[in-house]
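Same chain, two partners: subunit A is paired with subunit B first, then with subunit C.
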Partner chain A sequence: MVNIIPFFVIIPLGTAFLISLLGKYVRHFAGIAISLSSAVVLALSISCAVYLSSTADKILVYKIGGWVPPFGISLVLDGLSIFMLVMVSLVSFFVAVYSLSYMERYTDKPKFFTLFSLMVCGMNGIIITGDLFNLFVFLEIASIASYALVAFGTEAEELEASFKYAIMGSVASCFIFIGIAFLYGFTSTLNMADIARVLSVKHSSYVLPFVGTLFLMGFGLKAALVPFHAWLADAHPSAPASISAMLSGILIKTLGVYALIRVFFSIIGSTQAYLSVLMFLGTASLLVAVILALSQWDLKRLLAYHSISQIGYVVLGIGLGTPLGILGGLFHLFNHSIFKSLLFLNSGAIDYCLGTRDLKETSGLAKIMPVTAKTNLIASMSIAGIPPFNGFFSKLIIIFACIQSGHLGYGLCAVIGSILTLASFMKVQKYAFLGRLKDKFKNIKEVPAAMRLSMLALAFICVFGGIMLLMPFRVFLDDAVQAVLRGTHYSSVVFEAVGK
Partner chain B sequence: MSLIVKTITRLTVGLILLFGIYIILHGHLSPGGGFAGGVIVALSFVHLMLAFGKDTAVAKISSNLASNLESIGALMFLGVALLGFLGGSFFLNILGKGQSFKLFSAGSIPLSNIAIGIKVGVGLFAIFLALVILEKSKKEG
Partner chain C sequence: MINIFYPWFKLDALSGFIALAIVGFLALILIYSFKFIKGKPKTFQYYVYIILTALAAIGTVFANNLILLLVCWGFLGLTLYLLIIMGNDDASSAAKKTFIIVGGTDALMLFGIGIIYYMTGTFQMDQIKISLSTNYYLLPTLAYLCLAIACFAKAGAMPFHSWIPDCAKSAPIPVVAFLLASLDKLLGIYLLTRISLDIFTMSQAMNIFLMITGAFTIIAGVMMALVQHNMKRLLGYHAVSQVGYMILGIGSGNPIGIAGGIFHMLNNTIYKSCLFLTAGNVEYRTKTSELDKLGGLGKSMPLTYISSLIASLSISGVPPFNGFVSKWMIYQGLISLLGTGNQGLRIIAIFSLAAAMFGSGLTLASFMKLIHAVFLGRKANWQVKEVPWQMWLPCLILAITCVIFGVLAYQIPLKYFIFPVIKGVSFIGTWSALLSTWLIIIGIVLGLLIFKLRWLRPVLRQDNPFTGSETRDIQENKINGTDFYNTIKELPVLALVYKKAQAGLFDIYEQGKNLVFSIGRVLQYLHNGVLPTYLVWTLLGMIGLFWVLLK
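Let's look at the complex of A and B:
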């Protein structure tokens, strides 16, 4: 089973270059290859998740080239990695199916799918790697593919957004790179488990806070936490809708939140100071971004601000540092990836049919686009936290965790943020789907079958996402929480698994 | 460009290309390797483009061929890495290691270097070509 691990990188990488080689000559090759490869990756990740939950120590370590860590690069699959991996594969599969029809409006589908596949390769790589520099390389693969994808429409607005995104992304990468360089200078190793081992015996009063700040800025920029959020509101709306769904749904979580958890919990070790900063940034994000979202009329821009706000919930939950808080944070991470990608796919469907996504132009779409309207209603209620949809349970857990650990103020902020989210999605429902249908939109038909299929599938997960909290699915979440709570014992667990 | 530039280019461009190939092939023995050698190979074509114009260089490598070769280079590298699965592990060096400091040694490392050399060489050339075409269309537009 351990031999499957490198295939999470090999399959998307091979697909990317096969598409760029053959996509020009063989019609429909790009579409078939991307759907096949993402389906295979999804199947592999689910089978890995099932296998991993049946093992005793819940960790698999793969030695690349047979080199034993810390000398070679190792790939580590623990509870948290497999949780993220299933999430990424799930969303990327549905988005790939959606893009089959959606990207007909753009030219050069093979190039799009090449970049898409490279982005998935980068994200999978970040999740499974056990080497800090390897993480940086995959982070750059995913980021650079996403810069190109944001500019895919090549209009002035898209190029400007992509340029801004590229600059901010490069600044973030610089911070991360300098942080890795300092950590390497201090510990003389790049293997994550080995860094954690060295840090547990070698102390320094100034290197770790400095490195921690650099990582917080770098990964915070990638995750678009509030003081670092300005690029997201431009970049995410400008991309094609399926890419917005990928960026908001999984990219900011993998590059930002997952890497933040990995570095702060597993390598450096989470002190109360870092956790307090995370809680504060999370709360600031969830309040500031939702207030900014209220006044938006561009549907995708509104959704982009909500991404910042929902990431705030995730970071608040994780920053609490209690088992319940981390459970809520990770569960919200999963739920947000589902409903936010669904919302962006809906906005893409509206854009596809109407050619506009300005909420002042649209009204009464429920009559002509029933599937889009219903799935959007489900996703809106999920993100606003209405029971029994999945978003309700994760927000409830986060608020409970705030109260349990005595942070009543943060809990109150989370409730206020949730109410404002509801208000802003009621606005979307009112202006986009309810009301009187305009005459010029009378003859518009619902979107093609592939797009409807992925929207319906994601809506289905939104409705039944709550059962993740029940047995036997609970194991999946609990393993992820255990992997985070393990903290710097990560190193001993990894080395034990290597020794076997 | 002037006659001096053209003559010097005609004399040196072959040597630069040869030097790039040398750096790629001796990547496992001396400083350099696939990336550095690939850059030098790309520079020889860029040099040609600067002296004789875009069309001369494109006659040697068209943009379509460049993009195909780039994908082939990447797939070759992935193929060499996958070859390791025959011995049981990704990236495992299963070919004969030979005698140290000889050209035919170090197993699959030279093959990886060649793959990287192809990818980087045509990749950089394609980037330069794209910039030239963009500049030209900007002037015309």
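Let's look at the complex of A and C:
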């Protein structure tokens, strides 16, 4: 089973290569290749998840070229990685299916799918790598693919947004790179497990906090935490809807939150100071962004602000550092990836049919676009935390975790954020789907089958997502939480697995 | 039987009778809907939502686990929203407001449950007992308030009431009658009773808080109802006002008051859904619910008229109908507080008693207006028939229940439903319902005789008035009831209050909206889309992080 691990990078990379090579000449090649490859990656990740949960130590390490770490690059699959991997492949599969129809509006589908596949390759790489510099490389692959994808429409608005995004993203990469350099200088190694091992014996009162701050800022920028968030509201709405779904749904989580968890929990070790900062930034994000979202009229911009706000919940939960808090944070991460991509796909469907996503223009769409309206209602209820949808349970756990660890104030902020989220999605429902249908939209038909299918499938997961907390599926979440809570024991666990 | 699901669900006297009431209302509403909803789009969805609502409601009352309760309770908010948007195209604003208030308070409830779990370590409701009057009262009080706010919003007490009148106006009538008038009241007051009696041990401060909320709700609700011009909005404000009585009863903290509060909840659901359904009948035939346009329907819709009249008398607390009995029990609860030693409590009790009685009078006044404007008054040119039997039958059944629960109060509802829940109720006054009913009937019969028998009354003559050298039709001069109480709108202090109320000053939703948007404007100003600004923020953020972490 260990030998499967590199395929999570190889398959998307190979697909990107093949599509750019053949896509132009063979009709439908791009579509078939992308759906096939994302389906295969999804199947592989799920089978890996099943296999991993049956093993005793819940970790798989692949040594590239047979070189033992710290000398060679290793790929590590533990509870947290597989959790992220399943999430990424799930969302990217449905988005790929959706894009088959949606991207008809744009020219040059093969280029799109090449970039798409590269982005997936970058994200998968970040998740499974066990090497800090390797993580940076994959992070850049995913980022650069996403800069290009944001600019895919090549209109003034898209290009401007992409430019801003690229600048901010480069600033982030820069800080992360400096952080890695300092860490390398201090520990003389780049393997994550080895860094953790060295740091446990070698102490410094300056280097670590300094590096920690650089990472916090770099990954905070990637994750769009307040006050590093401003680029997101420009970049995410400008991309094609399916890419917005990928960016908001999984990219900011893999590049930002996952990397943050990996670096702070597994490598540097989470001190109370970092956790407090994370909690504070999380709470600030969830409040500030939701208030901004409330006054937006552009549907996708509204959703983009909600991404910031929901990432705030995730970071708040993880920042609590308690098992319950991390469980809530990770579960919310998963749920958010599902419902936020669904919401962006819905906005894409509206844009596809109406050619506008201004909430002042639309109304009464429930009458002509029943599938979009229903799935959007489900996703809105999920994000607003209405029972029995999945978002409710993760918010509940986060708020309970806040109270349990004595952070009543943060808990109350999370509650207020939840109320405001509900308010803002009520606005979406009212202006987009309810009310009177305008005459000029009378003849519009519901979106094509591929788009409907993806939206329905994601909505299905939203409705039944709460099941993840019940027993056979619970293992999946618990393993991820265990992997986070293991903290800097990560290194000993990895070396033990290598030794086998 | 249900105890095989223990500890998830639990059946006791309180949840039992409320579940029974829910099922009863479900049956009546389904009968009513057969005709009302026929021919409208999405009929199937409508029935699915209604039945889901009833199931979730039953789940809520039987739940013995706080999380389960929260899930069912929250789900009800969603079905309520879905049912409201089945109304006309304009229902979306009301639906939005409703769901923001109801769903928002559910989030607070979640917070409260979190605190309870933190304090007790269990979600099982029958094992939780938290005292509010110990020295360490801050956290329990916060938890109680969070739960109480959710109850207030569901039942529609001030200041979380503002969705009810809007919703009453634009949602389909069976939905209003089923959810706003009966289910939400039952559930809101059920949970308030549950937390006040079982989960928490009340402190005096909390009782006073409940009493003040109740008294304020009664008066403010009824004052707003007095000046309404729309039948459904008027009823909506009464739905708010009546909740005040229930909260007042529970807040009184003694068995008779609490029993009165719960009984009033049951009675209110009966007559209030009857009133909404009769309003639906009127609207079904006349296609309007504006009081200005209605009038003189009593002759053509007799069964609707009678049901509505009985329900109006019940809600106004006229003996021998059921509303009187429960109000009278609540008064007794307040009066028995007057004997306690605490000065503050006594003053509050007197104040609330006055508010309750005054409110009752105003309720009667406003229903005189309603009855007059819809069924009596000037003769409009309505060529209408009585509604089909599916629609008048539920009204009539509810009206008859009002009478039975009033006349046979001790024999049926109190004995089977209320006294098993509240032990040790002792009356301080006596009320022999049967005897007084006979006396009232005799009185009315005598009055009728005098009025009807030709030789006992002075000769009355109605004639067309002759003014300005022309004869006017007598019908023209008959006034419509709408403007009965316009003068109170012009009283110096009240005028200001009404004006502010119309502007939404007392609407927590409007105020919250203003607050959030004003913060939003500041934030939007900062998000000007200029790249250097964003970079400056990043820099500032970095400085902040360095300052915090490297200190």
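Please note the rule applied: the second predicted complex is superposed on the first by the 500 of 500 C-alpha atoms of A that agree within 3 Å, B and C clash if a C-alpha of one lies under 4 Å from a C-alpha of the other, contacts with A are read in each partner's own complex, and residues count from 1 in each chain.
In the analysis below, contacts are C-beta pairs under 8 Å (C-beta built on N, C-alpha and C of every residue); 3 or more make two chains touch, one makes a residue touch a chain.
On a predicted model such as this, the values are computed, not experimentally measured, just so you know.
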Touching partner for A:456 - first (subunit B), second (subunit C), both, neither: neither
Partner chain(s) touched by A:13 [first = subunit B, second = subunit C, both, neither]: first
Partner chain(s) touched by A:469 [first = subunit B, second = subunit C, both, neither]: neither
Touched subunit A residues, subunit B compared with subunit C: C
Touching partner for A:404 - first (subunit B), second (subunit C), both, neither: second
Subunit B versus subunit C as contact partner of A:46, first or second or both or neither: neither
Partner chain in contact with A:137 - subunit B first, subunit C second, else both or neither: neither
Touching residues on subunit C, where the partner in the complex is subunit A: 67, 70-72, 74-75, 77-78, 85, 89-93, 95-96, 99-100, 103-104, 106-108, 110-111, 114-115, 117-118, 516-517, 519-521, 523-524, 527, 529, 531, 533-535, 537-538, 540-542, 544-546, 548-550
Complex contacts: residues of subunit A adjacent to subunit C: 163-164, 167-168, 171, 206, 209-210, 212-213, 216-217, 220-221, 227-228, 230-231, 233-234, 273-274, 277, 288, 291-292, 294-295, 364, 381, 384-388, 392, 395-396, 399-400, 402-404, 408, 411-412, 415, 418-420, 422-423, 426-427, 429-430, 434-436
Touching residues on subunit A, where the partner in the complex is subunit B: 3, 6, 10, 13-14, 17-18, 20-21, 62-66
Interfacial residue positions of subunit B with respect to subunit A in the complex: 67-68, 70-72, 74-75, 78, 81-82, 84-85, 87-93
